[in-house]
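Here subunit A shows up in two complexes: once beside subunit B, once beside subunit C.
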Partner chain A sequence: MNLSFFDQFASPSLMGIPLVIIAMMFPTLMLPSQDNRWITNRLSSIQSWLIHMITKQLMIPLNKKGHKWSLILMSLMMLLLSINLLGLLPYTFTPTTQLSMNMALALPLWMATLLTGLRNQPSISLGHLLPEGTPTLLIPALILIETTSLLIRPLALGVRLTANLTAGHLLIQLISTATVALLPSMPTVSILTSLILLLLTMLEIAVAMIQAYVFVLLLSLYLQENI
Partner chain B sequence: GPLSERRLMDVRLGELPAWLATCDISAQGLLGGVQKAWSSYHDKYINVRRGGPAGISMLLAGYCLLSYGWNYQHI
Partner chain C sequence: ILHSRPLHTTQQRSAPLPPLPEKGGEVRHGLIPEEFFQFLYPKTGVTGPYMLGTGLLLYLLSKEIYVINHETVAAACILSIIIYGVKKYGADVAAFADKLNEEKIAKMAAVKNEAIKDLETAIEEEKKEQWRVEGRRYLFDAKRNNIAMLLEANYRERLLMVYNEVKKRLDYQVAMQNLKRQKEQDHMIQWVEKNVIQSITPQQQKESIAKCILDLKALSKSAQAAV
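After this line comes the complex of A and B, so read on.
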């Protein structure tokens, strides 16, 4: 009985064909397409406003060379946002609950920021490994610690997204199971649990958006150090 | 008009097998059919001047139903 709670994260397949690809391409239907019209529909206007707002927020701290990254960072942001929010609908599959996908997103992008820094300004990038004003005796230890924290960044990025979404979905499933199971025997407790479920669902909507934003924000911060 | 040029909604039920025989079943043909279906849905319900939540809600409801169908065996 316990193990069946994890079945929702199994990647769905029909006759052996993995349907995760369709689940990942579905968000493209919702996002605006290039129409070359001056006045587009309301959906496109809302999404354009949203994309402009987020782009300004993310790209202002970066210098001019960093602005070349705006396309990939914004596409990543829209992908994660739409995948996370679509996963909150009933019976849908959320690809970002799979660690494999999140690591596949985090590791190459983080490595790209690191290699950009090491190639264009190696001494400045390596200089980030030692904060200013450390006592001389602490320098070797601190360099080891900073290197470890640098190398663990992609793992942290991927696992953060995976763990937040997986935990949220699991909690929703557990609490809704509890609500339904309590309904015949203790209706008042069941109503209380359904209130908790409502609050949790609102939290999950917020978490879905925040986690996508945090992922891209951290990548832009890593880029700021290195570009 | 001739059977091969009519759209799916204009084909009568008895003529359906004949219509299916005339249409293009290659990968490119199927993809073109899917593209055409999506753009007609998009232009009719979403790409309007004063659209509301109805267009996308139908799309999301359809996606939920599709996912339910995929997950039916696990439930």
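After this line comes the complex of A and C, so read on.
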């Protein structure tokens, strides 16, 4: 199979049957589900410890009403983490490289935080549009700027995730192509390039985890302002 | 951590779950179960599975069923990183997971031991109380003596009080009588003196004085100073 650079970003299909739904669901199926056991096996123990730790980290700044969001935010976090990390394996399709999926995640969640704020405490929510202590003359301009920044948030969330992952995957592809192409003619340069690839892969692993975390963290921050 | 109870189609069993096996299945090279090697052992001996693997790989490569492209290099990188990570930190992570479970069990065991200790102390206390019961006879005797003494002392006190009160009343009567007698005497003396002085008329006074002078002269004649 001769792969072009577009193949890893193409929506997977097997003989005309679209597999994208399976591609999105599969990573979460790898995680063990909670049993009724008191003492679980190692993987389940580590998973629950990890989820506890992250939930505490994310939910401490929120007030009691915000804790209702912990389920969806933690599930989102585990989804993104598993999808991102599994996408680093060869010949896999990473759903989060598609802008459509990321926007589908970011826009409704951001809108939910906005509407919660506008419904429950409209003046405070709108009051966030003007930072404290601004000079009187700047107020109109600043409100316009803050509104723009507010409306651009979902776009930023989606595009941030997409761009980071797509760029990372593309870089891996390009540098490995360079390594393969240089192998017959200049093996030493090829080896240097493969070292770069090694470092890049480590960076990509970090980026995968960080991007998932940042997505959820920003959502929780937007929630903090509005709940 | 989603409980997928709504997705269950059959009846849920509420019987206790079977215990987890102590160790996972035996695995060689981290991927291939040991049963596979045992399965091939009777026919092909120890080197069987390895020959199968090498042959399969060479077949795929030579027939270009698996094409070496840029993904191969990327695969080599990520797999080497994963294998390095697992080999270096695998044991630590397993120990950590075991520690999490150990801590859980230890907490419960601590509660149980505390309860056992408390009950043992309670048994000791109870035995001591039973020993104390045997000595209660002496206790009651001493108490009885105490009370008898108190009653006696109280009775004597009251006797004394009665005696004092009666004496006070009798003394009062005696003093009254004495006073009365005294007053009567004084009054009588005064009355007699008054009357005597009244009864001495002036003429009687002159006669008595003259008689006194005559008596004195007569006495002076007889009683010459013995010079």
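Please note the rule applied: the second predicted complex is superposed on the first by the 223 of 227 C-alpha atoms of A that agree within 3 Å, B and C clash if a C-alpha of one lies under 4 Å from a C-alpha of the other, contacts with A are read in each partner's own complex, and residues count from 1 in each chain.
Just so we're on the same page, a residue touches a chain if its C-beta (ideal position, glycine included) is under 8 Å from a C-beta of that chain, and two chains touch if they have at least 3 such contacts.
Quick caveat: nothing in here was measured; it's all calculated off a predicted structure.
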{"item": "Of subunit B and subunit C, the chain that contacts the larger number of subunit A residues", "value": "C"}
{"item": "Partner chain(s) touched by A:Leu99 [first = subunit B, second = subunit C, both, neither]", "value": "neither"}
{"item": "Touched partner set for A:Met202, first subunit B, second subunit C, both or neither", "value": "second"}
{"item": "Partner chain(s) touched by A:Ser194 [first = subunit B, second = subunit C, both, neither]", "value": "second"}
{"item": "First, second, both or neither for A:Leu118, with subunit B first and subunit C second", "value": "neither"}
{"item": "Which of subunit B and subunit C A:Asn41 touches, first, second, both or neither", "value": "both"}
{"item": "First, second, both or neither for A:Leu155, with subunit B first and subunit C second", "value": "neither"}
{"item": "Partner chain in contact with A:Tyr91 - subunit B first, subunit C second, else both or neither", "value": "both"}
{"item": "First (subunit B), second (subunit C), both or neither touched by A:Ser176", "value": "second"}
{"item": "Subunit B versus subunit C as contact partner of A:Ser75, first or second or both or neither", "value": "second"}
{"item": "Doubly contacted subunit A residues - partners subunit C and subunit B", "value": "35, 39-43, 89-91"}
{"item": "In the complex with subunit A, residue positions of subunit C that touch it", "value": "1-4, 17, 20, 24, 67-75, 77-78, 80-81, 93-94, 96-98, 100-101, 104-105"}
{"item": "Contact set on subunit B toward subunit A in their complex", "value": "38, 46-52, 55-56, 59-60, 63-64, 67-68, 70-71, 74"}
{"item": "Interface residues, subunit A side, partner subunit B - complex", "value": "7-8, 10, 12, 14, 19, 26, 29-30, 35, 39-43, 86, 89-93"}
{"item": "Residue ranges of subunit A in contact with subunit C within the complex", "value": "1-3, 33-43, 45-46, 48-49, 51, 71, 74-75, 88-91, 172-173, 176-177, 179-180, 194, 197-198, 201-202, 205"}
